[in-house]
Every structure is written in structure tokens, then in C-alpha cells.
Amino acid sequence: MIDWGWVVGHLDDIAFLLLQHLVLVAVPLAAGLAASLALAVAAIRHPVIYGPVTALTGILYTIPSLAAFALLVPLFSFSWLTAFIPLTTYTLLILFRNIVAGLEGVPSDVLEAADAMGYRGRQRLWRVELPLAIPLTMAGVRLAAVTLIGLATVVSILGSSFGGLGLLITEGLQTFFPTKYLLGGLLSIALALVVDWLLVRTERQLTPWARATSGRAAGA
Amino acid sequence: MNELIGWLTDPASWQGDSGIPFRLLEHVAIAAVSILAATLIALPVGLWIGHTGRGAGVAINISNIGRALPSYAVIVIILPISLAISPDYGLDLIPTFVAMVILAIPPILINAFAGLQAVDRDLLEAGRGMGLTESQVLRDLELPLAAPVIIGGFRTATLNVIATATIGAVVGFGGLGAFILGGRAKGIAGLGELIGGALLVTILAISVDLVLAWLQRRAARRADRSMGPARDFRDLSEIPVPQFIP
Amino acid sequence: MRSFRTLAIAVAMLTALAACSTGGGSKPEIRVGSDGFYESKLVAEMFAQVLEADGYKVTRNLGIGARQVRQPALEQGQIDISPEYVGSGLGYYDATKTTSDGEANRTALAEALKAKAISVFGISPGEDTNAGVVRADTAAEFGLSKMSDLAAVQDKLKWALTPDCDANPLCKDALETYGITYPPASAERLAACDAPIAEALKSGGVDFAWLCSTQPAIAQFGFVALEDDKDTQPAENMTALVRDDLLAKVGDKAAFQERLDAVLELLTTETLTELGVKVAVDQEDVADVAKAFLTAKGLLK
């Protein structure tokens, strides 16, 4: 079903599409992380915003991406904004809730010890609370990254200007060329699995104190 | 906004198998059947692994892999196989169904496992000491306590499936996704349909989620009442571990 | 996590920089768009390649969708150039003016587009019309050779229509002219002129499909293209639609038009069909096929 001769002959095109896909994932992920961090910190300080933010990001989350992309074209044409905006908003729910849960999960005796040691507000946040929130944050980043890899395949339905692995799938479906769409599908899956694995490793690296604990299922 | 109202008030939008009632039904049907199938597969396995504690690593790995699979990719990969099996249903129905089942399994599996694992082991030992059989321990002690988390898994699965089933329209499956793709294909004339389709998906997803959230809270209160606060539900049941929505 | 974010931000900045640097030329940047099916992509790619050879920076957005999506994109300035079929293109604006004369259609289309500040270039000798197609066995079973034969057996057939059919006079009105109640009882929506709709016809999922007359699938699968005996389909020579604001930025408008017209002049019906086989059957890259063709004909060095 897959014409490997075609694959070998098109390795550079495939590599380029893969790179485009990574950009389609990395940029919204970074933007979403920054936004979610800001929102989460605000939510810890002013708990009243937690509900509305969760509700809003939740609603944004349920808007089918195809519709979101299509509706932004009249506004932003086929520029990267049309792709990046929905991709970023999809990460917000996941990241916001995970970071808040991470920050809330910091034991109060640790906070007291930090205060006793003289850490002030922002210092305490950056040097104590956020590092301890890393496990749940990373779980969220992992989920968001893998989600984005899937979402980025859909934007190709709008046309070739965004590229990415989804273009292989969409073009393959249009001319019923199984090599293209199967390859696009398999590569998307492979990319998601590799990124997921890499982020698990990163999470473990960043939390050396957690390595002693095993079998944590929550947030995994 | 005008276009949306125009589409909603046009009687033709409500008729036939491209009409709102039919497509809504299609969408609910595929979601329900997929979640049912996923439950039949994932729930027993998740409960068993959670209860016995064995095979946790395998469960987590399968769940991770399943969660990483982009649904659009799954649909196209299934295509050649499903077309060979059934030319009639193999283009749209089978791939969409399979992709939705794969999407729904991980949260149901993981939350069943996590919910049971979080139950206080001492409580279970006490139960066994009092003469309860294993199945009684599961049914009368573990399940009520784990229920909120397990329902949380269903919430995630349902939310994801309802929103992701729209992608089936790319291979011809109807449902609400057909309004999105069809509306888009009609350009300006289809704007109302496009917005309407997206809106219907959102409303459906949120409504179902609200019902499940209510069930979840009830289960949490019941667990608290009968067993005392066996543990803190907040960190597990309030994060529904959302997943891919196309 | 911090280094990951730094990397991501660096990538974003690089992307932004790359997008910003258009090079210090006086030639405007051109965005070429096309419809979703192979033929439109191929001709758009040809336009893009000759323009690139002339030193323009060209961005492609091929496969935007059907006319209902692509034309608004052109009107709103999201793309600058697109290939077009004069009959259907005219029908999109005014179905009453379509004729079976390509030149007449082109003139009428140019009239209609004047208000939208879009120019219509020359026409190709070849045409690619909408063809109502059935399988050979269906034609034999119901004795179908022309479109008028369909009315009698319409309820026995499963129909494949394009998603924009409701709003497309050449689809909906044409069917009604032939006595088909619209919408037919059993109708699938599949994109025009591409493999899925041809596959559906071939496999028996549908019995009637709107295909393109130059689509290789017709010959490949032994389909029968029904005769348009009531002349519902106009002449469909190809042309290029170009936004006036792009033309204003181009130095020599006449030379610019000559360039694209030179491409169009090469497109005979046979050529379109032959190239169609390369792209849709042999699955060769649109870019490669375009390049080989244009080089062989001397439009590219």
C-alpha cells in the first residue's frame, strides 16, 4: 500500500513538512504555556477567577478546530495567525488547570518553611512553588503537545499554505494516493509517540526528587 | 450572527438527512456507541488492574499510546482496511467509529485504575478482615469511593468524542461535522451552517458534561457520606485530563 | 522546560523573520491560490512557476476549496491569482449569461468582475466541463446515453453531488432542467473532480456522479459520460483571474499578462487529460509535472 520508492524520492519534502508541523506545535505550545502560567498565578492569588477562566477555556476547547480555523480566515487570511490562535486556545484549558492544581498541591508546610527562610512573594513563586508544580505542569505540557500534534493535522483542510503532516493526509485523500495519506497518518502517530516519550523523560529529569516515588497515576 | 439565525430559522435546515435533527442524532449515536464500546473494553480492564494492582505499567503505557494517536491519522490509516472489509460502511462509518473508540478508551481505563488505586488500602484490609469477599470489597467499598474519579474518566471521554467526531465528516460521515465542512464548502452562503454546526457541537458537549459533572458530584457526596472523607478528590476528579479534539 | 520554551521562542522568531524578509526587490509578492482538485492545482502551479522564473516571490495556497471558498478568498484579497473555468466562473456570478462560446463567457466574466477589481486574462483552447457520469453497467441496465434519460430512473439511482451543489446553478439548476427533483432522495456529498467521488462511483457506493470531463477516471474505469443534450453546461475554457491591485504593482502589465496567457495557450483538452493522468493516476507531484511540461514547451529554462 505504501510506495517506498516514492517515500525515498521525497524524503526532503517529507522532512520539510515534518519541520513545519513541529513549528505548528511548538509556537502555540509556548504561547499557551506562557498564557496559562500567567492565568494560573493570577488564579492562585485571586481564586475568584478560577471558575470563569475554566469555563471560558473549556468553551473554547469544545469549539471544533475546523470551524475555528475556517472562521478566522476572513479575519486573518491564510496567515500563521489563523492557525496559531485556535491551536493556542486549545492548550489553555489543559495547561491552566494542571498548573493551578500543581500550585495548589504545594504542601503548606513547605510554604511556611519558605516564608520562614525569608522568601518573599515572587521569589517564593519562582523558586519554590513553580518548581514544585512542575510534575503536574509537565503532565499538562505533555498532553497539550500531543493534542496539538493531532490538531495541527487538521489545518491542512484549509489549503496548502500551512503545510505540516496533515497536508500529506489531505492531498493523499484528494487523489486517493494511499502512500501519502498512510505516511501522513503514520508519521503523525510516530511524532506524537516520540514527543510524548521525550516529555516523560524531560519531566523525570526536571523532578529528581520525584524519582523515588513510583506508580503515580494522577495527572499521568 | 444574522447568517446563523437565517440558517436556524430556515425550515429546510430541519428536514431530511441533511437536517439538524438527523445529523444531531447521527452525532449522538456515534458518540454513544463508541463510548459504550470503549467502556466494555476499558472499564473491566481498568477495574481489574486498579483492584489487583497488577499490570499497572501496561495499562499506563497503552493509555499513553492511545492518547497520543491523532484521530485524523487513525481514520485514514483504518481506511484501506475498512474499505476492504465493507465498501458500504468502510469509508465513513467504520473509521470514525474506530477512531472514537480509541479516543475514549484511555481516559476510561486510566481513571478506573486511578480511582481504585487511590482508595485507602487499610480500609480494604479492614473490609477483608470483616469477612467480605473480594468482589464484595470491590463492589461495596472500592467502587463507591472511586466512583467520582471513574465518572471523571467518562466526562473526559465523552467531551473528547463529541467534539472529535466532527472530523469524520472529512471522509463523508455525517453528524454535526458535516455542517461545519458543508457550511465551509458553500463559502459565504454557508456561514450560518458553519457557525451553527460548531455551536451545536459546543452546546451538546457542554450539556452532556454538565450532566456528568452533576453525577460526579453526587457520587462524591455519597462516598463522603458513607465512608467519611477517604481521601481528597479534588486533584483527581477535577482534572478531567482532556485530550485531543480536532 | 525553560530550554524548551527558549527553543520554541527562537523558532518562532526565526519564522517571523523569514516571513518578514521579502528581499529588497521591487517586484511584488504574489499569492497564487487554487481549487481543491488536481487540475486547478496543476494550472495554478504552472502560473506560480513561470512567475518565479521571472523573479517574483510566489506563495502558494493550493487546494483552498471549491469555488464558493476560493472566489471569496480572491475577492477579499487573501490570494492574488487563481485559475478559473470561464463557464462555471461566470455561472457563479450570473447563471443567465453563460453560453457555449468560450470567448463570450470570458468577456461576460470580465464584465462581472470589473466591479470586484479582478481582471480576466486570455482563455485556453481546451475545456474541462462538468460531466454527468455513470458506470457502464448502469448505462446498459437503464439504457442511459444522455442526461435526459436520467429522469425516468432517478429514484433507482444513488446520487453523488458536490457540496456546493445547492448554491451552484450548473449543478442544481441543471439537474432540475433534466427533470430531477432536487435534492434527490439519496444523495452523497463528495468534492468535485477528485478521486473519492470517482471511487464512490466505481465501487457502486453511488450510481451517478458529477465528474470533470478531463478526469482520467472516466476512461480508466470505463465510465459513460452522459450527453448534455439540453446544453446546461457552458463552455469551460480555462483562464487566469488576477487582482487589479496586484497588476497595479507590476511593472509591465502587458508582459505579465502575456506570460500567463502563454501558459493558458498550451492547455488543449488533450494536454489537460494527459497531464491529468500524470497527476491523478500516476501520482506524480504537481510541481514536477508542471515543471517538466513548461520546460518542454520552452516557457521555463
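For reference, chains read A, B and C in written order, and residue numbers begin at 1 within each chain.
Everything below uses one rule, namely that contacts are C-beta pairs under 8 Å (C-beta built on N, C-alpha and C of every residue); 3 or more make two chains touch, one makes a residue touch a chain.
Just so you know, these numbers come straight off a predicted model, no measurement behind them.
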{"item": "Centroid comparison with chain B (C-alpha atoms), farthest chain", "value": "C"}
{"item": "Selected pair, greater C-beta contact count between A-B and B-C", "value": "A-B"}
{"item": "Distance from chain C to chain A - Cα centre to Cα centre, in angstrom", "value": "36"}
{"item": "Centroid spacing, where centroids are CA-atom means, of chain B and chain C in whole angstrom", "value": "40"}
{"item": "Rounded Å distance between chain A and chain B, as computed from the means of their C-alpha atoms", "value": "20"}
{"item": "Shared-contact residues (touching 2 or more other chains) in chain B", "value": "181, 184"}
{"item": "Residues of chain C touching at least two other chains", "value": "65, 72, 191, 196"}
{"item": "Of all residues in chain A, the ones touching two or more other chains", "value": "173"}
{"item": "For the chain B and chain A complex, residues of the former touching the latter", "value": "56, 60, 64-65, 67-77, 79-80, 110, 113-114, 117-118, 159, 162-163, 166-167, 170-171, 176-177, 180-181, 184, 194-195, 197-198, 201-202, 205-206, 234-236, 238-239, 241-246"}
{"item": "Chain C - residues contacting chain A, complex", "value": "1, 4-5, 7-9, 11-12, 15, 19, 31, 33, 36-38, 59-65, 72-73, 76-79, 191, 194-196, 199, 279-280, 283, 285"}
{"item": "Touch list for chain C against partner chain B, complex", "value": "65-69, 71-72, 163-164, 166-167, 183, 188-191, 196, 200, 203-205"}
{"item": "Of all residues in chain A, those that touch chain C in their complex", "value": "3, 6, 10, 22-23, 26-27, 29-30, 33-34, 73-74, 77-78, 80, 134, 137-138, 141, 158-161, 170-171, 173-177, 179-180, 202, 206"}
{"item": "Sites on chain A touched by chain B in the complex", "value": "1, 58-59, 61-68, 70-71, 90, 93-94, 97-98, 101, 104-105, 143, 146-147, 149-151, 153-154, 157, 166, 169, 172-173, 178, 181-182, 184-186, 188-189, 192-193, 195-196, 215, 217-220"}
